[in-house]
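Following: one structure in structure tokens, then a few remarks.
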Amino acid sequence: ENLKIGILFGFTGPIESLTPPMADGAELAMKEVSDSHLLRGGDTVTAVRGDSTCTDASAATAAAERLVTVDKIVALVGADCSGVTTAVLNNVAVPNNLLMISPSATSPALAADTDRGLFFRTAPSDARQGELLSKVLIDRGIKTAAVTYTNNDYGKGFADSFVAAYKAAGGKATLVIPHEDGKADYSAEVSALSVAGGETLVVLGYADQGGHGIIKASLDSGAFDSFAVGDGMHSEKLTADFGPGLKIFGTVPWTVGDGATKFAALAKAAGKKADSSFVRESYDAAALILLAIQKAGDPAKAAQHVMDVANGPGEKIYPGELAKALKILKDGGNVDYVGASDVQMIGTGESAGSYREFENKGGKFETVRMLTAE
Amino acid sequence: MTDLLNGLIHLTSMLVLPGLAYGSQLAFGALGVTLIFGVLRFSNFAHAEGMSLGTAVCILLTLWLQGKGIALGPLPTALIGMCLAVPVMALVFIGTDRALYQHFRRINARPEVFMIVSAGVMLIMNGAIRLIVGPDGREFEDGERFIVTAGGFRAWSGLAEPLVLKTSQAMTIGLALAVGFALFLFLNRTRSGRSMRAYADNRNLALLSGVDPDRIVRLTWVLVAVLSVTGGVLFGLDKGYRPFVYQQLLLPMFAAAVVGGLGSPLGAIAGSMIVAFSELALTFAWKKALGYLLPAAWAPEGLMQFLSTDYKFAISFLILVVVLLVRPAGLFGKPVK
Amino acid sequence: MNRRTTLLYAAMAAVLLSVALLQSWQLALTIVNLCLISAVMALGVNVQWGVAGMFNVGTMGSAAIGGLAVVLVSAPPVRAAWAAGGAGLLASAAILVLTAGVALAFWRWFGSRPLLRGGAVAAVLFSGFLLAQQWFLPATAAIEAVDAASAGYLGGLGLPVALSWLIGGVFAGLLAWPVGRLTAGLRSDYLAVATFGISEIVLAVVRNEEWLARGVKNVTGLPRPVPYESDLQSADGVQTLALWLGLPLRDLASILVKLAYTAWFLAVLGIIFWLLERLGRAPWGRMMRAIRDNEEAARAMGKDVARRHLQAFVLGSAIVGIGGAMLVTLDGQFTAGAYQPLRYTFLIWVMVIIGGAGNHRGAVYGAFLIWFVWVQAETAGLWLASAATALLAPGNPLRAAFEQSPAQLRYVVMGLILVFVMRFAPRGLIPEATPEHQK
Amino acid sequence: MGKNETPPDLLAVEDLCIAFGGLKAVDRMSMTIAKGRIAGLIGPNGAGKSTLFNLIAGYHRPDSGRVLLDGDDITGKPPHILFGRGVLRTFQIAREFSTLSVRENLMMVPAGQAGETFLGAWLRPARVRAQERALREKADEILEFLEITHVADLPAGSLSGGQKKLLELGRTMMAEPKIVFLDEVGAGVNRTLLYNIATAIRRLNRERGYTFCLVEHDMQFIAELCDDVTCMAEGRALARGSVADILSNERVIEAYLGRGRAAKGTGAA
Amino acid sequence: MSYLKAEALVGGYGGAMILNSCTIAVDRGRIAVIVGPNGAGKSTAMKAILGLLRLTSGRVLLDGRDITALPTQARISAGMAFVPQTDNVFPSLSVFENLQMGALLRRDPIGETLEEIFALFPILAEKRHQLAGQLSGGQRQQLAVGRALMTRPSVLLLDEPTAGVSPNVMDELFDRITRIAAQGLAVVMVEQNAAGALEIADTGFVLVQGANRFTGAGRDLLNDPDIRRSFLGGRK
């Protein structure tokens, strides 16, 4: 049998430069499973892509409707942005009893219990990452920082939790302002941030969107020379563009057992991009779906098993080991999927995961230490 | 004394230079908008896309040149690429005109029709850009990036505040002023320029005076190609090329052209500076500057911002609306009925 | 209705039907519902552009305000937020109203001395603004702190959602009134830039003022005027019907819900359409065409052009607002980040232009056609991409580019349609009926 | 008012001034138009006649001075208000509603049509229909009168220059005004037709009591119609009097008519 | 053979034919005047001569050469100048620039012609730096004629040059046209002020519904009571 899995990302719209690698990541997992011929009775898996546009709920709903009713997908990787994800969840997934795992929708509103247990995400929780990033700053002895975030629910949520934690730990956020992605000029934002001052600039945005522009404008005007960032900015493209000497550090979901490194190797072998935002989470989302299907046997019941395969107990599964996991599950065993982003589901389907503190060393992002929530 | 100097340097590097650079970048776009409006009588929604496409072409050519080992020393190689991209874009523009706008001119369509068609062209160009370079950003700056660096300036002056001047900024500011003035002279002092204005005014009568309409149209698009490629490339050098960021410039560009008076080149430059500086100055945090410039006792507590940067977009439009209400033809426009 | 119109509508119906049969009924109905909403918005734009000749490209703002109304009317109130900051907010509102009053009074008093007048009014406004902020900022901070993850705003009134459509229209109209007063006299290019800018400002407010509608954090779970699928699935009647029709229960429930929406939207569209047609055929329509032709002459013939423009502007905006409210209801959520000019202004404009500006039948048709293309372009793009690339060698970069982004073709397709229609049917597919047209 | 002539002044202009840049286009101009009269306004090109019309009809605001209608100050009132008060003007360069048919151009004129309001259009169809019927009849009469019935259903934009002028006049006939300002009705109109127009103007004046003020360069036309004539030059009144007086006034001949013409005696009826 | 000859012109704007076999001819040094009711097709005939209208049949000869197929531009460079009835100036150019535009195709110095025109229309000299859009109706008309004269044409086509022009200027203008024609120009003029125009005309054409009704010497037409009554507005 051939199972179809939907991929609903914003291939057009504001984050279109992020989505192709994300989709590639998800397809990487599907191909791995498909090639193993171990899924149920040797099923193959095909990906069907749809465009969520990231912003237009109506278009996303129509695309999802098409994936479900025409292409007959059995589960969905997606959507990407929180707004369209909610719309698709409520208007398509819930009425059709469809499992959805989003790699990047981080809005806390999605944790509400209207999802009938159908919705999960591999995206790291903004709230936790905010706390960890604040810890990183405090531990480095940085007591004042200016903060700018991308003006969407991800950036806003991240900034809220960071600032709260930072204040509680005795730090001072001199100024907290949003920046809009895709704008032409950020000098006004940067000059306000610079006047407010701070030892470092905390940029909670995307590496190839506004975050890039903010860093560029800061360097160009000499306003800041050190940057603290979150997962959206974890991209070595920054050092390629601004030179290997760029002073940048931050947090990113990472795995203790080097799942991220393994994923990087995997992606490289397949000729895909590994270090763009949310690529690892996308791989994990697709992998989780497939493992849950394997565990349930019936795709319609997969949603009930996502927690089991994600949180264990059982054998730890890293990227590239999906065949092994399928085999274990087939034999009635248990797995604890770790994946590329250290998947750990908490509460109503959020990923807790573990993080690493990274820092640029001569153009390469290197792990300073692993961070786990206390 | 050092306080005063620090204050001035701070203002220069955080307000004046970015304002001038941003204003000049807008000016290239606004000049193009104003020229198309002035001669061909429509507001070209595809203008930003044209700039982006021109830059994309330039980047491809620059990569090719760099591959051949050609460089300009301290100046970016893209300057050569830019010169090569101009004729390409001129052909693209003239081709578009032949395929579309010409027809609408012939049937004497209303200006709104042109605007709508240009919106269609915008989308098609958008697609073309995706095909050529994809949606990702690129850096293509080489040569000497800075004329004055922050560290260099601090070491030289011993002041706390840094001053930075980028090569691309300096080039943009200089070229914008030069090009604007040249355009003004061309339109007012030369036979071709006068023919262009006459053509804009009364097409039929221009024809009856012996103006070759096709030549005027071609000439206009060539000038537009020069303006948009230069502006697009300089902007890309300064901010890093991202194909769809130019769309965001469209609105401020139009605001600038309208504030200055559509059709007037000097107005376009003045309008661009007004838009750029008001955006920056009203959202500028004056705290530091005042701290340096005022006696210590008066140093302000808060950021001293008139408006948070969230609303910086609003400012150019507030200005726009006020200008339109007070002086509907713009600052440099001539009211004629 | 002439033959061409009938034929075009029949073709559209056939296309939608074939989607239902070849793809799925759910998809077809999803498309139809959006078509109906788009049609309402297109009618709004058509009143402004097609009828009054006003080049308003601020449609996005009206749609957003209409959507906002849904939140303010139908979302459940957040009492804790009201308790936290309601008083402060009201106080600052009162100060603003007072300021406006004083400013107006000064304006009257100093009528003869423009410099003094300007200065005094500016001073009053400025100090009033600063004073109001003293209450406003702490109040909003308090509101936003109330359960920030899921509330953090004032909430709505908890009224029936269909009522909010009307209110959405009223809100959009109320916003359009001052905007129209300011800009209605401008010529088309300027009006375009000004309205575009104002709609961006409206959106900036909606995005950044979290206490109002959660800003970029979105309001989800808005009530709907139709039953939930899950409730239908457990209803006896539906189960019997499903058996009788031989349809899976889940599909039937979903279809029924969509049909219920269709009925609502059709009713709204029908009423608006009827009112507009009536208006267009009456001397009002003739007067508006006269104004569109030559404002100055119309003025000399005793027509209050500014007022008529304002009338059309407000009416059109209100209709777009209704459409925006219906859209938010259908989505079940208010997403501030969703309002993009390309989707909410440009696309609607394309609908009007392609359908036939000035003709309400044309605008409705355009809405159906363009929304259909917009949604299906992705599928078509995929197909086109594979067809086009079949000719290219596998390693060809052009082929890679095509395969990478079939969704992108959506914009190109839209641009091509627009350009082609303008070129070969410049007055749209169903043109406005005027005395024999001249160039 | 104040003069003790028999017909009272319907319109009075007092010390009107307006300057464009440095140029004083109308410079302390005063004049009166008596009720029920046909007044002529002549003067060399650029004397300020059209500008004066624009000031009276509310298209410009005067820098100073007043315009009185029936003793009420109407200075600077916008055109649509003046229209309501019975002040109407035509344009020197015809301004038609080009996509409306010629008939519609006429039918749109009358004020206060029920169908021009939302409520009327939506709720009172019968009344609207009745009004429309009446308007149509009236329009057709006027078309016949102006000899342009054959183009009644064409878009007005495709009329010839002269036909547009006629249409302009036709519109004033739809409106039942108190006073009509005609800015060069004659320019570009066939003379045979022009004298028919003159007859029409006379009839409107006699039978319906319209007051006219007309600017015209055709002296024969002026001579035939006008009760009294004002000659403007450089923004102010140069002379005023009966047609014969004005045509033989030295200063008028000097500034306007030209020596040759005076010698030939053209225009003296 | 006349210098300019338009023979049996037939044509219109899309639908109905406006010109139904109309013929206009004029020689160098002569003035032809076209009169006729409004909408007769006088302006249309002018446009046809200039190539602004697609003809169904008929031909236009200039100096014996068939120019029917030439585009407008070529006819202009061949020495034809035209003053349209409406929209005959560049409103946002100054008066001086308008006149310069008239001389666009000339390569010789224009100072002398300029002086002549300023002498003919003193008001233009006075307002040389004003925008043409801000001129009064009559001033505009003078500028339009001035612009056409700047070209130094061999054929001058005037569509109602005196509409809205005050009597003294009108007399001057007719005078000047006579003198210009005498220098060897062929002049075709449409006029509603038939009395003045036919006075100086060598030939008069009465056009009705796109066809020639009467043709004759100017004075003869003027003195024919029938023609006077039906077309020229004469009363007595």
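The first chain written gets the first letter, and so on, giving A, B, C, D and E; residue counts start at 1 in each chain.
The rule we apply is simple: contacts are C-beta pairs under 8 Å (C-beta built on N, C-alpha and C of every residue); 3 or more make two chains touch, one makes a residue touch a chain.
Owing to the predicted nature of the structure, the values given are computational and were not obtained by experimental measurement.
S.K.: Quickly list, by label, the chains bordering both subunit A and subunit C.
M.R.: Chains in contact with subunit A as well as subunit C: B.
S.K.: A-B versus B-C: which has more C-beta pairs touching?
M.R.: Answer by contact count: B-C.
S.K.: So which chain is the furthest away from subunit E, centre to centre on CA atoms?
M.R.: A
S.K.: What's the distance between the Cα centroids of subunit A and subunit E, rounded to whole Å?
M.R.: About 77 Å separates the centre of subunit A from that of subunit E.
S.K.: I'd like the Å distance between the centres of subunit C and subunit D, where a centre is the mean of that chain's Cα atoms.
M.R.: It comes to 46 Å between the two C-alpha centres.
S.K.: Roughly how far is subunit B from subunit E, centre to centre by C-alpha average, rounded to an integer in Å?
M.R.: About 46 Å separates the centre of subunit B from that of subunit E.
S.K.: Please output the residue numbers of subunit A that touch at least 2 other chains, ranges allowed.
M.R.: Residues 16, 151, 178 of subunit A touch two or more partner chains.
S.K.: For subunit B, what residues touch not just one other chain but two or more?
M.R.: 310
S.K.: On subunit C, where are the residues touching two or more other chains?
M.R.: Residues 207-208, 404-405, 408, 411, 436, 438.
S.K.: Looking at the complex, which residues from subunit D come into contact with subunit E?
M.R.: Interface residues on subunit D, with respect to subunit E: 20, 42-51, 92-93, 151, 158-163, 165-166, 184, 187-195, 217-219, 255-258, 260-261, 266-267.
S.K.: For subunit C, which residues count as touching subunit B in their complex?
M.R.: Touch list, subunit C to subunit B: 49, 55, 182-183, 185-190, 192-194, 196-198, 200-201, 204, 207-208, 346, 349-350, 353, 398, 401-402, 404-405, 408-409, 411-412, 414-419, 422-423, 426, 439.
S.K.: Under the stated contact criterion, what part of subunit C meets subunit A in this complex?
M.R.: Against subunit A, subunit C makes touches at 23-27, 30-31, 34, 37, 148-150, 207-208, 215-218, 220-221, 229-230, 250-251, 253-254, 257, 327, 330-333, 335, 337-340, 343, 374-375, 378-379, 404-405, 407-408, 410-411.
S.K.: Under the stated contact criterion, what part of subunit A meets subunit B in this complex?
M.R.: 16-17, 151, 175, 177-179, 182-185, 187-189, 191-192, 194-197, 208, 212-213, 216-217, 220-223, 241
S.K.: Per the contact definition, I'd like the list of subunit D residues that touch subunit C in the complex.
M.R.: 57, 59, 78-80, 83-84, 88-91, 95-101, 104-105, 107-109, 111, 113-118, 120-122, 125, 128, 131-132, 153-155, 157-158, 171, 175
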